[in-house]
Amino acid sequence: MKKFRVYVTYKPSVFDPQGDTITDAAKDLGYQSIQAIHVGKFFDIEVDDSKGTAAQTVEELAEKLLVNFNLEVYRYEQLGGD
Amino acid sequence: MKKFRVYVTYKPSVFDPQGDTITDAAKDLGYQSIQAIHVGKFFDIEVDDSKGTAAQTVEELAEKLLVNFNLEVYRYEQLGGD
Amino acid sequence: MRVAIIVFPGSNCDSDLHYVLENLCHVSAKYVPSTATNLDGFDAVLLPGGFSYGDYLRCGAIAALTPIMGAVRQFADSGKPVIGICNGFQILTEAHLLPGVLKKNDNLKFICRPVALQVENNGTPFTTKYVKDEKIHLPIAHSDGNFYADPATVDELEQNHQIVFRYVDQNPNGSVNNIAGICNRRGNVVGMMPHPERASEKIVGNNEGFKVFQSLLSLKH
Amino acid sequence: MIDQEMTPQEIKDQKPYLEWGLTEKEYDYICDHLIHRLPNYTETGLFAVMWSEHCSYKKSKPLLKLFPNKNERVLQGPGEGAGIVDIGDDQAVVFKAESHNHPSAVEPYEGAATGVGGILRDIFSMGARPIALLDSLHFGEINNAHTRYLINEVVAGIGGYGNCMGIPTVAGETTFDECYEGNPLVNAMSVGLMNKKDIQKGRASGEGNLIMYVGAKTGRDGIHGATFASTDFDSEHETQRSAVQVGDPFMEKLLMEACLELIQKHADWLVGIQDMGAAGLVSSSCEMASKANSGVKMNLDLVPQRESGMSAYEIMLSESQERMLLCVKKGNQADVRQLFEKYNLDVVVIGEVTSDHQYVLTHHDQIVTDIPVSSLTDDVLQEKCPERQPERLTHLKENSLPKIDDPAQTLIDLLQQPTIASKKVLTQTYDSQVRASTVAGPNATNDAGIIRVRGTQKGLAMTTDGNGRFGYLNPRIGGQIAVLEAAANVIAKGAQPLAITDCLNFGDPNDPEVYWELHQSIAGMAELCRELNTPVISGNVSLYNENNGQAIYPTPMVGMVGLISNVDHTVSSHITQDENLVYVVGQ
């Protein structure tokens, strides 16, 4: 079994109102030192690797399902595993 | 300026319909080797650190705004900065 | 005319479309589950609104990968009419049958209210009964209706008259160039965020959407 | 949470049941008169939850008897998932309201969302398709950041669940008053439409028939949620809470379609069906057995579980959402399994109906419960609650009409009150038009929502109304006014009032003043219901609405449905033209 984490973020060119809203909320709370907040999501994926193709599976899954390339980019890394 | 990343995930005991549905979808796509997918979010936060309290600000912000302790837990780390 | 209404797990406007077609248009409408793999014998395909797969990943993303979408692609390639409404539009973009993507509304909330639209292209199979530039009102009900595509794609859409409906007076969700509905290059695949099936009878307050279905009915076979 | 279960003797000595809401007197009564031995850990837990006010209505039941609940149209009164009223043409309307006040105070999004999920299951478990949702929300004053957070999350939760299910939210009310700060009232109502022939009941009868579990897996969500809702709500409980219930509207949509397909197309396979709501598996299974006067035996190892190592106690008390319990005719289990599997839902036989009136559970090959069904449902010790008129009412001035010097300014001040101002920012986040049958939705010009009944000329008008301030000033008249206001709203839409449902939101009933308020309010509501021939066909009681010892105003919420014979003839409530004439009718 291997564990991967896929990080998905908006492309820098795409406006993300969520990050801005949270930044504003932080300032409203009095945290003036906060300059910017950006939001992303990640997927922790546990994959059986008995065929040795786990990383490839994760990539395929990311590209077919987890990421919309109109908006988003992704990056992944392997976490600890056995 | 310092940069932090706050990772927020569901507590393990909390039902995560989103993760379950995505896991099922991956299996339906033919990726039988996928055992589980969990979804999390992260916040990249840029903080002015001229007072040296950036890490504390991030913690406070996480606890007040970014994390719902009924359901979620968080962890944070410092990313590169200047 | 035989119309297919695709039912994805979580679709919830399927029965509204069925009602409009069978009871108001008097044509045969059949529910086709997303597990089916062919659309033989149908003259038009409708992808309804709703929350397919709970909208749990991105709206329409999981539905776009269901078996039926292969058949929808073939059907569209053969030039026959396909329309996706609301979640159906999201599914068509996720399946790359239409360009772009529907982002979260810029106020980050679900919005249910009537909006003013202009019919920009009355040449699609779903808009021939409208006059070009006609101003109509239709309800919207979505949290992800904010159309986005990169600037080059948007230019192309504009140049090829692929904008079918545009918000006028006020843009409810932040969509680029006030886009409310688009079609593919060939014009036979249409996606729109507003709900014409909820505005097809006076009794529910508005029938300005009924022409979408009347346009489809007037097609020759 | 529970690694080592206490022995029956340890339970007797250490009295953990007190913390679960069972009194010493009740415990002794159970030992001496009902089971004639000491209950084990699991059994004690089952008693605690089934004997809680939330499940047993032991305190409110004597008062609820004051309500009329029958007339020529009522097909099903209180006692099932929801009440049913005949509307002619072999059709019936089904409705009920439910409170989710305490869960929403703790976790407003999920609390409100799962409240909607629960009320929808009550409707479709009767065999009806839900056609509308309504809500009644009462918050603290809006000038407080935590209140604003609660409002945003509660409203998002209601919309999040209802929108995804494809059920329009067509009416409701939202008020703000200091007394609800920290203890918001979140009441949801649903209305369903059905063919009379499809009426289902929650019963498990016929020896050898099978108990089937369908829907989401069981987790440790909301353990003791039912007793939690029944004890005073203070900040201490907030940290004790084990796991919040999380709603999955997508699963519920599948569950609804599957259950309706089963009921409408294969009723002959089915004996009974019931939602697993408060106190989950225990309350649904023992109520189904009790109503059919039968016994039931279940093997808990067969219950689909989301977490490992759950104890029998946890499995039985879990309040995981989106689950239903079916009683299926022996021989049809494979058919039922196939139907639910088509919708990708878990479906398993977990037990069967027996004839010995016992409630028997096995877990890990051991019998963990063996008690009479009736001891959980029917033998609950009734309590006589003392009551007393509150001090404040004895000193109330007869005529306390405010003096108005500048009517124009007063009007402007009134219009600025959040309770009176437009609720558009909230109601626009609800899908009010899905199902394409909404004739009147949430809109300042609509006193009630209207859904047309496709295929007929008919329409159904519906509203929720409650006003804690009236209840505070005079609970009896407050109760009358709640019914009257609902009726006026429905009538203003051209509808004949049919019947009501209610949520009785009150403070701690052990306080004699609160109990008096409850009694008076119910009496007032009952009087008006008799007057208007609108029986109470379903409802819900939410007590212990207090925050740090201070009770909320007595806030009975009335949900009313009226029948419009020709929906083309409804009128709007606003003035449509210059020079329209304004009349005042009545006194």
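Each chain gets a letter, A, B, C and D, in the order it is written, and its residues are counted from 1.
Basically, a contact is a pair of C-beta atoms (placed from the backbone, for glycine too) under 8 Å apart; a residue touches a chain by one contact, two chains touch by 3 or more.
Molecules present, by chain and UniProt name: A, B = Phosphoribosylformylglycinamidine synthase subunit PurS; C = Phosphoribosylformylglycinamidine synthase subunit PurQ.
Since this is a predicted model, take the numbers as computed values, not measurements.
> Could you see whether B-C or C-D has the larger number of C-beta contact pairs?
Ranking B-C and C-D by C-beta contacts puts C-D first.
> Between chain C and chain D, what is the separation of their C-alpha centroids in Å?
One centre to the other, that is 37 Å.
> What's the distance between the Cα centroids of chain A and chain B, rounded to whole Å?
Chain A and chain B have C-alpha centres separated by 9 Å.
> If you average the Cα atoms of chain A and of chain C to get two centres, how far apart are those centres in Å?
About 30 Å separates the centre of chain A from that of chain C.
> Where in chain A do residues touch two or more of the other chains?
Residues 64-66 of chain A touch two or more partner chains.
> Touching two or more other chains, which residues of chain C qualify?
If we look for residues of chain C contacting two or more partner chains, we find 53-54, 56-57, 62, 65.
> Which chain D residues touch at least two other chains?
248, 250-251, 344
> Looking at the whole structure, which two-chain pairs count as touching?
Every touching chain pair, ordered by label, is A-B, A-C, B-C, B-D, C-D.
> For the complex, give me every residue of chain A touching chain C.
Touching chain C from chain A are residues 13-14, 17-18, 21, 64-66, 68, 70-71.
> Quick check: in the complex, which residue numbers of chain D touch chain C?
Contact set of chain D toward chain C: 156, 159-160, 163-166, 248-251, 253-254, 343-344, 428-439, 452, 454, 567-568.
> In the complex of these two chains, what residues of chain B are touching chain A?
Contacts found on chain B: 1, 7, 9, 22, 25-26, 29, 31, 33-51, 53-54, 57, 60-61, 64-66.
> Using the touch definition up top, name the residues of chain C that touch chain B in the complex.
It is residues 53-54, 56-57, 62, 65-66 of chain C that touch chain B.
> Quick one: in the complex, what on chain C touches chain A?
The touching residues are 57-58, 61-62, 65, 93-94, 100-101, 103-104, 106-108, 148-150, 174.
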